[in-house]
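A single structure is presented below for examination.
Chain naming follows the written order as A, B and C, and within any one chain the residues start at number 1.
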Amino acid sequence: MTGRPLRLHPDRLLPADPSTRAIARRLLEQVEPLPIISPHGHCDPRWWADDEPFADPATLLITGDHYVLRMLHSAGVRLDALGRVPLDGGPVADPRRVWRTFAAHYDLFHATPSRLWLDHALSVVLGADVVPDADNADRLFDELSERLAEPAFRPRALFDRFGIEFLATTESPLDDLADHRAIRASGWGGNVVTAFRPDSVVDPDHPEFPANLERLAELSGIATDSWAGYLDALAERRRFFIAHGATSTDHGHPSAATADLSADDAAALFARVRAGEHTPDDAEAFRAQMLTEMVRMSLDDGLVVQLHPGSCRNHDRPGAARFGPDIGADIPTRTDYVAALRPLLERFGHEPGLTLVVFTLDETTYSRELAPLAGYYPILALGAPWWFHDSPEGMRRFRTGTTGTAGFANTAGFTDDTRALLSIPARHDVARRVDCAHLAGLVAEHRLDEDVAARIAVELTYDRPRSVYRVDRSRFSAR
Amino acid sequence: MTGRPLRLHPDRLLPADPSTRAIARRLLEQVEPLPIISPHGHCDPRWWADDEPFADPATLLITGDHYVLRMLHSAGVRLDALGRVPLDGGPVADPRRVWRTFAAHYDLFHATPSRLWLDHALSVVLGADVVPDADNADRLFDELSERLAEPAFRPRALFDRFGIEFLATTESPLDDLADHRAIRASGWGGNVVTAFRPDSVVDPDHPEFPANLERLAELSGIATDSWAGYLDALAERRRFFIAHGATSTDHGHPSAATADLSADDAAALFARVRAGEHTPDDAEAFRAQMLTEMVRMSLDDGLVVQLHPGSCRNHDRPGAARFGPDIGADIPTRTDYVAALRPLLERFGHEPGLTLVVFTLDETTYSRELAPLAGYYPILALGAPWWFHDSPEGMRRFRTGTTGTAGFANTAGFTDDTRALLSIPARHDVARRVDCAHLAGLVAEHRLDEDVAARIAVELTYDRPRSVYRVDRSRFSAR
Amino acid sequence: MTGRPLRLHPDRLLPADPSTRAIARRLLEQVEPLPIISPHGHCDPRWWADDEPFADPATLLITGDHYVLRMLHSAGVRLDALGRVPLDGGPVADPRRVWRTFAAHYDLFHATPSRLWLDHALSVVLGADVVPDADNADRLFDELSERLAEPAFRPRALFDRFGIEFLATTESPLDDLADHRAIRASGWGGNVVTAFRPDSVVDPDHPEFPANLERLAELSGIATDSWAGYLDALAERRRFFIAHGATSTDHGHPSAATADLSADDAAALFARVRAGEHTPDDAEAFRAQMLTEMVRMSLDDGLVVQLHPGSCRNHDRPGAARFGPDIGADIPTRTDYVAALRPLLERFGHEPGLTLVVFTLDETTYSRELAPLAGYYPILALGAPWWFHDSPEGMRRFRTGTTGTAGFANTAGFTDDTRALLSIPARHDVARRVDCAHLAGLVAEHRLDEDVAARIAVELTYDRPRSVYRVDRSRFSAR
């Protein structure tokens, strides 16, 4: 096929200095064969429940990936030209046209993480040997479409080929988790579990909040018209999720605010938000209190708590009204952790057996707030560089910004946090390479012995995510 | 002449690692011969209108350069000892004494961008072969003074020698642009155009705001006593500027706030600010609304919009009262873009043909706010690292902070933003070297093929500023 | 002894690139032999007054070092298991057990500055030749305990061995400085002086503030019941400290706020805070005004002013209630300098002979606020990277974030700021190596000649702290 040859260099992302590169290569040899632990992400469990072939490369790689969508859109490409269906049902480009547009704009991604993932997915996963361009777009689309129709490219086969040892999806408490049960019932051995993401039932600003409380009552069999009942219903759904293998909760709040209200104040606040009579401050206080309640429940049921704060969702409200969420218009905001986490940490920060993994979209907090907090409070672990910061440069800033104060042992290991299945091996590959490159630099500067660096590399890649996310405790016992 | 030899090393600013340096050299070979595009700066158009020789090296290189003034002042040198005339007319040092003081303090500038520019200006532009010091100060002053008197060192000759293909100055709507007409009328071929900087007529906090509205009415021939008239008068002045080659507007607001008021609310707000009956919040709202209005006008007339927010001007108010503005006492402040730009971007963020170039003095916004916004909204382009951040380190932080999310294609290319004429070739040289060094690092880490890196280097240097600033659309048609 | 060999590599912290490393080595040769200037720290002067042997390695290296405490605590180790005595007097682990716990967790410190200091203290200072681990803990504890009992390991002998030319401790105005007099009276030649830290008598939020005002009156012999008397009493104590060699004051405020109130307003504010009738805003305003008053007094008595703002002290209030302060639970906060310092700088920013050394826990302020302010106002000098930022990475960020705008000449040189005596040579060693590495990078990129870099290295290490902190003016004249 015509086009620039597509091949991944074996030394990609390793340092240019020859002696440091040689160290990094040796470290990488230790971690490259390790299985993938993916304890946080947004894959669709239905993929593995149904194990249907993916429709076509455009839908799989472009329309469903908000990183790709937004970059093409930033160059003036309309979202419907990328296959994104308007909520009012207007016409969209068919997958072949979407692919052509994408291929013609492939240069936009130079030096971005998307490019690293796409190149890897196209070549290593799908076997393409040319870089997409306007000339080869149609033939490449055909070739990749044929490949996706083969049995080896179905979701379960890919999962196995990727060497995934553990993968958690993320579901709402209102989800019946039928897909997860179907996966288990199928007899296929892939270890896919759920994670408990209660935003839609703890955020009074969620548009369906009142209805969601009703539905929560139905699913749990516990009335949610009182504060106590509401908490019991949530605890019940947590048990249900644990029975489907969950080891963690996940919270996507606008800020990192936590609260520690008295039971009476909390009950009164719940009454207001339930009645829809809350102010914006009430809504923030309620989310804040619910983070603390979730952590309190973890004392009992052992779920690891993940906090992903600080995204201004749907910054482009007209765009969201037209196309819905997840079009790439979520923008990071300045985020405070010091005052925000204090109520929670003062109450539970030293509890043995509790783990709170904190992520950030505000890199200024690495050295100023998060590393100091994680370097003191036993329950805290620093989540991997997240979302806009999952580039090699972002990963380097994470390590150089946190290690001095928090060390390696207060970090949680890599999480890919993706809904783009084909990017999973690439994302872990990038993280492993960047960590090995960083460690090699420490060895080259005589700050770490190479055998120690090799041990740390393995820990960061494999042991740490397994232990922080309590992979060994995952028990799938749902009928 | 006595003194440390002054020579620029051909590998200056290139990476130390030999293989990466070799790549960087080859990239630099591609961009070094390219002409200079300078679409944003603060040169005085009178220089080219009159083409008079510059008076002396001290006035040219020291008294007029706020970077140099402030650094010498930080060492305790008084501004009048640097030739800066107090507003009340007190005595100042003569140029030779200013030069002596400067030469004796030249070590202050080690490893600063000013030093890169001064060394370049002194050696490459002015032919000096020693570093200024206390011993050679007088002889160097004489030598440089003689040189400046030669025809080859007049403004037009320098412009030609520098290889400037396009240069925009910045003028207020109240400027009659006579200098620009004089340049064209002279028959000299240098492409010097204006840019439209309306701060003095859109900022109610400007001390001359009421008088400026009057003058705006006179110049435009349109009464400014109504909201509609005021907007028409501004649109008329924009047409006048376009007829003098302008392709852009420029806005130096304290914050990045934008607004999208109803016509009635905007008219009422205008009435208050025009009557001088506005609160500080009104002033901020008015500036915010005027940014949106300027962008709206660009829909019609095609001017590129530049936003330079976040400087606390005249931090030292007693100093400003004594010496006026531009003494180096403008200090960056924390700047929000996410909430601030939302009203504007929600309204116009997807308009084809519109370009908003955003600059920042707050580097924390690169990865957190600006790259994510520019990586989504089609109209946004990221301006080059600005003012306090135009050092090699600042330029590296710009690339490493924005490329992962915004790529190269959402950046605007280099703008020198200077009023120091002799620094122009040095500033572009530094930017080219730092970009080549950065690209070479990506090649050395196998993230970019070298031929692609070479293409990107040329784009960043030449094609991108030409296209973002619509250089080809510049039409000088004023009589 | 069993265990991993403990040796410091001679090239530790130097760049990996061979040519840059060679330059760095040559620079380091210039600064390695220089004496230590330690103008700011928190050592206990009693050590040198009494010259008693240190009790044991655990108390010396672990229980007294909040960096070490917090990191072990972050791994779930209780503070009483580290020898920290609860305020209510509960039982604590004995030193041998503390050492065992520490040794078993030594891996926590990989790639942290604590590890650099501990390795250095253990090997270079104490002569250990193995890395602590669980197996060698007891034998190493015994070996180090024996060593500490030797005369060569007493405080004065260590001071001399470390090559300390000048060391300032930090005391409250309520301290009688008897230890400092005892040091002088002993005839030992070590140059240990005090510094004036008035937080406890200028902060209305200090729990003992009213009693402290009484005590201040007693010690100074000047009534503190009026604003004028209070200021006089402080000035008197400053004279007392100057007579004990002090050359500086130090201020640990929650923010960098300064104020410039009229005398009447200040007196009224003082009356409110003295009566305990102040609001939180009053307390902040009083601290702000007192910074300005301290600077005003420095005009008369020549003390250098140090500002260390932005720590949220005792973030873990229950922990502080149990164990007191300095357990590692102080967390940095976002800090503003631009608006905060304006009242002070507008009044005194240009005063000849005045020096204000500003530190920060918020690295975002380096390039945005502090370097621009220090690059304009003559009185400002930038303090060394502080506390959470004293890692090699933090020191690099300090240089790369400030040099472009402030140069080297507006920085104050290194201060170790430690209460961990044995870490002093290590901390200065790290700072010298990182600065040499940074300078070597500038030489390798042809931005600085090597002889100039060598001169700068010596200045940063020795001349600058001596001159900024006015070491030559220190006169110990107390009876």
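In the analysis below, contacts are C-beta pairs under 8 Å (C-beta built on N, C-alpha and C of every residue); 3 or more make two chains touch, one makes a residue touch a chain.
Everything quoted here is computed from the prediction, not taken from an experiment.
Copies chain B and chain C of the same sequence differ in orientation by 120 degrees, per CA superposition (steps of 5). Chain A and chain B touch with mostly distinct residues; of the residue numbers seen at this interface, under half occur in both copies. Taking each chain's centre as the mean of its C-alpha atoms, chain A lies 40 Å from chain B.
Residue positions 15, 17, 364 of chain A each touch two or more of the other chains. Remark: chain A residues 4, 9, 11-18, 70-71, 73-76, 107-113, 116, 312, 315-319, 328-329, 331-334, 361-364, 388-389, 391-394 touch chain B in the complex. Per the touch definition, chain A reaches chain C in the complex via residues 15, 17, 19-20, 336, 338-339, 342, 345-346, 349-350, 352, 364, 367-369, 371-378, 380, 400-401, 403-410, 441-442, 444-449, 452, 456.
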